[in-house]
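Letters are used for the chains, namely A, B and C, taken in the order the chains are written, and counting of residues starts over at 1 for each.
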């Protein structure tokens, strides 16, 4: 039994990593807490629900469209709400704007889909497999594999593709990257776009596993991203992975063996503890104030 | 200040006070008074928040939690322990002050952005705890049947009664905050907002001042919560969601960060806007969100705020 | 007894030693200058003195009292004020308020005062305002006191920052490159102002790159190189020192 819990935990961890990547990149690059992050990709997931469960599109097509929509929505939010405020004197101003964007998207989603829990269809038939004398479900393993695939693919993209490397440059130093001829605005749009896309993929995998999708998952999704990013350390891929995994596995274990109604409280407590002890996270570097 | 300006100021205040006292007798519509009471509660809340956010520059998304702490304290004391209103009010305020103090402690170590997360976590934990701890807080149903408050024989029951109570609390809030912000403390808060390092070099004990601003700002939220408890006669967790904190933030911003008097303006404008959209509650969040974005994009200093926030 | 003394002061950042074993004393009533190539640790040193950095090793004594490791605000209270290399006035606040903030630790007003005795509190505030306006009068900025600091011309903002430091009635003022960005006329005005300040009893410690300026007003000069105290002497001695020339010229040769 424990092995099941562990596998599901790892699966959730991988999904959390996937949805956190977009948030973490944006924060690492622009120091902006994108409060709208969760609501954006839940919007995409809800769209996928409509495409799959109601329009009966073939799954791959539905997922693709939803992911693209999520990515486009994410970059649109950046373009309309955040871009102008990048140079603002007080950083909290763009944080509050992000909150506003979150509300707009949340409300729009609610108008379309309501706030109840909708039955998201499974993507893979459930099958049991016998390994080492235990019967375990194959679905979480497949989901995990897909999530890992995207994480690895994105990592390869960042490190080997021209645009990925440009993203890494911009993450480190915007003025210098700009002087090197990198189109900053385009790169930033791309970061939001990719982050949104991966968030949607993660959201879809999650909803398919639990056969549930609802509006409320948007806010929760944002908190998950915050918490995973804080635990693991902002701005580093390995940090995001570590944070996502720790959060996913511990959450699952606690929710199964302790109590599931306190699941959210525990996540917030973890967040608080980490913020108080080492806010830069496990892999993060302590930043020095430049004088 | 010249004597003439001082006299004019005094006349202005006296005039405003007279208008305020006469208002409920001139406009007898209880619905209108009800809306004014709404403005009064949120003014008390937002004045405290303006101290934290507008003057000191700390983004706190957990202000509703202190509102809730005050409300629940009064509710529990009055329903389960037979306290009368005034002691409950005082306890509410002090309890909120205490928790504000606690929340202010991490500002020493935790940087601005991360601190914002902390305030969200704090607010959410408060809400989750009030929902889960059914024996103490009544869970999702909350606490009902809060008795009618009495102050030295004056039973506070009608909208007009509550109006005067609210006015008194508001006067206390504004008066004490005005004294604070027009002093070296107010300047210190602003210095911290503008350039914390330079502020510390000016001789300002920045960690202590940040804790101070949180404690004091939260005190007023506790008072507002106490008022809410007796006004609504019920308190439920849904009164104190993150959404509430965000609404307060936008009220402070629209009025003007760093300007106490502007808070009234911000609260009133948003209250009217919300009233306006009352027939379409399904668009409420959308409108709040849009206002937040538009105000910050085009007029971050709000209507009357400190020029520090102009683009 | 020296006004301020440092003893074997060390500060490291990761692998870089910014300040290495510096022993320095500043005499009361003098103008001590510090020069050195870029990266020699001058700003780190001033940050150590003003309490922004804590030294890894060594101590700092001020008027006979050990102030090592005290936080910045406490050091200001003790009587040491400073300005910043890259001008850190509060741009969106009025000139008057900038100075009043500078005077913060000398305004004797507690919370109890403010709430329980508002008339006394108002009197104290007025006193502070009067003292600060005196300062502004001295530099001819009094009639601009309601203006936002950012609207002042650059030279006057620099002057404002120095006045802000003076508002706390310090015994020692640390100036980090006070004439950066100034033209020769402004520099001469500043030099005269600083000498006047010294004559009135304030001790000055000045980090400066501009040789003409520092040689004209400093009585003693300390040269820093790679975090260590390289030389110490009168302006004439330093100017003629071949080694000092080398550490500056040596930089050019590499470039």
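The working rule: a contact is a pair of C-beta atoms (placed from the backbone, for glycine too) under 8 Å apart; a residue touches a chain by one contact, two chains touch by 3 or more.
These numbers come from a predicted model, not from an experiment.
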Partner chains shared by chain A and chain C (touch criterion as defined above): B
Innermost chain by mean C-alpha position: B
Chain located farthest away, centre of chain C as origin (C-alpha): A
Top chain pair, ranked by number of contacting C-beta pairs: A-B
Rounded Å distance, chain A centre to chain C centre (Cα mean): 48
Rounded Å distance, chain A centre to chain B centre (Cα mean): 34
Mean-CA-position distance for chain C and chain B (Å): 41
Chain B: positions in contact with at least two other chains: 197, 308
Residues within chain A bordering two or more other chains: 291
Overlap residues in chain C, where contacts from two or more other chains coincide: 52, 84
Interfacial residue positions of chain C with respect to chain B in the complex: 50-52, 71-74, 76-77, 81-82, 84, 88, 90-93, 97, 100-102, 104-107, 109, 111, 114-115, 118, 121, 125, 128, 148, 164, 168
Of chain B, residues touching chain A in the complex: 53, 57, 59, 61, 106, 109-118, 120-122, 124-125, 128-129, 132, 193, 197, 242-243, 246, 249-250, 253, 282-286, 288-293, 296-297, 300, 308-309, 311
Residue ranges of chain A touching chain B (in the complex, touch as defined): 27, 31, 33, 80-81, 84-85, 88-97, 99-108, 110-111, 219, 223, 226, 230, 261-262, 264-265, 268-269, 271-272, 275-276, 279, 289, 291
Partner chain C, residues of chain B touching it in the complex: 176, 179-180, 182-185, 187-188, 190-191, 194-195, 197-206, 306-308
